[in-house]
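Common to both upcoming complexes is subunit A, partnered first by subunit B, then by subunit C.
Let's look at the complex of A and B:
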């Protein structure tokens, strides 16, 4: 992989020649693969022929100095993230690669990406009972508690493995997986070698219990990481294992999904070299009948961060996935104070109810009304600090805690009600009220507890066939942080191609009157089939973007942006 | 042999590539990937079928507003579409383990009668080269992708229906 990387600080013509070389390499490798496939599998030609497919995306932005918001000018003026995936499939074989270019990386995503390369390339064979992949691959065991390699370009996360993955389906309802690999770290690999195995059995299929209504699936996984110990003071465990077991039961509209995980001592930068083992349990119960649905869930974890390097920080080299229990809010102001899982310990609960009032009833109106109620709360776990026994070789459990204990400190809480209602043939509406409390003091070490009340109203009017106008109004009221905000947005769309949108976020409640700023944005876009282009200009406020409880900070910026994407 | 650096070798390979493509290239079929049914069973995407009638595959997520708008709009017309063309709509939820448990109750309370599957680690999404949700594919009776669309704005479902009707 390393020889494909072109460092961004090289002069442009060198980059060009390198790019050409890379392109040539790609074309020739694909030629080889293609020829190999056609000669090897010509006998299958009639039923399964080969094909290419792929996608492409580019996001670029200019960064101008904005003395009002304090946004900085980028020395490069324009920054860009882009990638293209290419896949070739021939019968049971697939080969693919992804070319990525960050020249230089957009602000808010680690500039360790700066450069260009082919960090993702694989070869895969898949038959009904056996599948293997060599090269780069993504994988998830169960809910991801013991292992999850995934990509999220918006967050700048890509912790794909480079190595070997085998999946085997020896009997109907029985699924086995095994992998060995190192994880991607920008254009390099992390130091840890990861070995993982997972088994899942769907009892009804495995034992031909077709007539039994209750569906039961059991699973278990074991993941081990090897990283050499070169620490002069501490004796660090070189092989660290995590294991998890899971259960899923489903009957009619009722379902329960649960997973328990245990991690052997793993002193790391995340847990400040705590030698204590980690534990986690997560359960979701859902029930649905008619137009009613509900989910309740609980989760408890202690010291469960697991990465393929002990010293990794931020979103680097994450080996497992522990999603936040709170709801992922869609609109910008409700998502202003998002919560991310505290990997060193937290206890949380959630409940969500969906109910659709039927059409042509008193409350349901002509078209019916969907009501969603959501509640979540996360506390610390109860811990007692332990003294250091030996300051020369400080191998110790930093604290003790008991399984499922709950601490006194509230980390996060939110409650919200959403109402979705179609008012007439041409008017659709959405309203939401929310209360959020975010313990920034505990999580970020500043600003105390932030409490906010939020309102969202969103109406869409069909003006004439294919023309629609959407109007959005959001309020956020808080005494802490930057005070009150209002967001107004107007969007005019002409199906199937065009949209134009105006958004203004106004920090009218900022206690510093010089900072009562407007963050405006103008955007327009054109879509045709799977090709899309969008351009915009405006100010972006400093904030946090979170997906799945994993977050990144976005600094304030002002400038033009352009996005182009295509799938082929 | 493949490590040869000689230009003639490259030229040969390049020509072979073009001819291999000309011989082999066909419209894309549904790739074979394991996804989950709503009851937690493993399901292979190569088995997605509608007995020779068109199929719509829509990638969505419970947290994605335009996705939900698109599926709601399709839902409003689904009975008519089915009567006229026999089309089947398959909704692939890309919700990960954070929100996967929401999918079944959410779909039910919405009253959607689509076939719904979960792709929690984006494996099917990746195999279909989906960059962002919503992304909708239209497949003909032979399972070939004949049209696809990314994003959703109000009224886009009419274009989709026009494309479904063209298949007949």
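Let's look at the complex of A and C:
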């Protein structure tokens, strides 16, 4: 892989020349693969027509100095992230690769990506019973508690494996997986070797109980990481394992999904060389009947960070995934204080109830109304510090805790009510009220507890066929941090091709009058078929974005941006 | 189908072998080694500089201070720690009123792109030399075994409330060329008592050590060439600030060579 890497700070026109060379390599490689496929497997008459598919994306932004917001100018003026996936399928065989280019990386995503290369390439064979992949692949065992390799370009996460993956279906309802590999670390690989296996049995399928209404699925996984011990002052475990077992029961509209995981001693940068084993349990119970539905869930974990390098931090080399129990917010102000799972320990609960009031009723109105209530709360776990071994050596287990214990400190709380209602044939509305409390002191080590009340109103008006206007108003009130905010947005859409949007976020409640700023943005986009282009200009406030409970800091910025995407 | 089952059985067996190597560390994992080397001043025993980036509002930083103490106990004078307080976690508030930041520290923090705390820099003044706490011990162990031909001798005294220091840099093997040399010198203070956040708890009388109080050179160092005797002499005075305690002050000098590699360091407590 290293052969393809070109670390560079070159200007875009130089990049284009270089990109052409790399693209030439890609085309040659794929051509060779396609020729090889054609000659080797031409006997498969019914499947001999291979085909290419793929997608392309480019996101570029200029960064100008903005003394008002504190946004920095980029020395390169413009930064760009881009990638293209190419895939060739021929019968049971698939080969593909992804070209990536970060010249240089957009702010907010690690600049360790700077450069271009082909970090993802694979060859896959899939028959009815056996599937294998050599090269790069993503994989998830169960909910991801023991293993999840995935990518999220928005967060700058890509922890794909490079190695071998085998999936086997020896009997109906029985699914086995095994993998060995190393994880991607920017344009390189992490130091740890990962071995993993997962088994899942769908009892109804396996024992031909298709007529039984209750569907039961059992699963178990085991993942082990090897990393050499070169630490002169600590005896470190070179092979660290995590194991998880899961259960899913479904009957009609009722379901239970639960997973329990256990990790042996794994001293690391995340837990400051804590040797005690980790444990986690996550359970969700859901019920739906007619227009009513509810989900209640709980999560408890202690010391469950697991990476393929014990010294990795941030979003690097994560091997497992424990999603946040809090609600995922779509609008910008409710998402201003997002919560990410505290991998060293937390205990949380959540509940969501939704009910659709029927149309043509007193409360439901002519078109019906959807009401959703959501609550989540996360606490620390209860711990007792163990005494120091001497004046400088902490106890190797750091503290004691008991399974499912709950500590006194509130880490996060969120309660909201959402109402979604179609007011007339041409008007749709959404309203939300929310209270959230975010313990920034505990999580980020600063600013105490932030409590906020938030309102969101969103109306869409169908003005005439294919023409719609969406108006959005958000308000956040807090006595902490930067004080009160209001966001107003207008978006005009001419389906299916055009849209134009104006957004202004105003920090009118900032205690420093010089920082009562407008963060404005204007955007327009054009879509035709599978191709889309969007351009914009404006200010971006400093903040945190989280997806699935994994977060990254976004610095303040001012400038133009352009995004082009295409699938084929 | 049969072939597939055999293949998978083999794979599972291989994985089983791998999983059996699951290392459970029983009891105390601390190693009891000592590798303090000689303590003769000005010789060419390699001394490893560990630049710690820290802050009094950084809740995990005291864990790093403990790690430094363990490393100092293990390697004695072969390790020279200096603590740079910088970044958000070093901002002063009513609870944390002491300002430990310096232009030298702030500029070095920017140069090395330090954005996580605690962080340690070992071996070179490059961005990729920054290490999380979990890698400090390994980095020091590797670095101390890299030989050097450079000797640094520091003389330091106090006259008229001014620290007067002189560093003599010698290449003990002139036949080995040393290029692109730069000298860095800082003043550090030990046993400074003030507030520190520690694992979520405020410690009002925390003892801060190796605190960089002043940079005699800029964060980019002082370029120099060795004379015909393969020596370079650098004099650097500074008036003692009212908040510094003279008895707790020391001078640290280190030298980088090509690619900003730190090839030697020295420490001198001011008598």
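Criterion: the second predicted complex is superposed on the first by the 545 of 568 C-alpha atoms of A that agree within 3 Å, B and C clash if a C-alpha of one lies under 4 Å from a C-alpha of the other, contacts with A are read in each partner's own complex, and residues count from 1 in each chain.
FYI, contacts are C-beta pairs under 8 Å (C-beta built on N, C-alpha and C of every residue); 3 or more make two chains touch, one makes a residue touch a chain.
The model shown is predicted, which means the values in this text are computed figures rather than measured ones.
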Contacts of A:140 with subunit B and subunit C, given as first, second, both or neither: first
Partner chain(s) touched by A:100 [first = subunit B, second = subunit C, both, neither]: neither
Touched partner set for A:530, first subunit B, second subunit C, both or neither: first
Touching partner for A:323 - first (subunit B), second (subunit C), both, neither: first
Superposed model, subunit A: greater residue contact from subunit B or subunit C: B
Contacting residues of subunit B [partner subunit A, same complex]: 2, 10, 13-14, 16-17, 20-21, 23-29, 31-32, 34, 38-42, 63-65, 96-102, 104-106, 108-111, 120-123, 126-132, 135, 147-151, 153-156, 158-159
Contact set on subunit A toward subunit C in their complex: 127, 129-130, 166, 168, 170, 176, 178, 180, 195-197, 222, 224, 226, 230-241, 264-265, 267-269, 272-273, 275, 310-314, 389, 391-394, 396, 441-442, 445-446
Residue ranges of subunit C in contact with subunit A within the complex: 1, 4-5, 7-8, 11-12, 15, 18-19, 21-25, 28-31, 33, 35, 57-60, 63, 66, 69-71, 73-74, 88-89, 116, 131-135, 137-138, 140-142, 197, 200
Sites on subunit A touched by subunit B in the complex: 24, 27-28, 30-32, 34-35, 37-38, 45, 49-55, 57, 85, 87, 89-90, 94, 126, 138-140, 142-144, 148, 150-151, 175, 200, 202, 205, 215, 217, 248, 250, 253, 255, 257, 284, 286-295, 297, 321, 323-324, 328, 330, 352, 354-356, 370, 460, 462, 465-468, 470, 493-496, 499, 525, 527, 529-532, 548-549, 565, 567-568
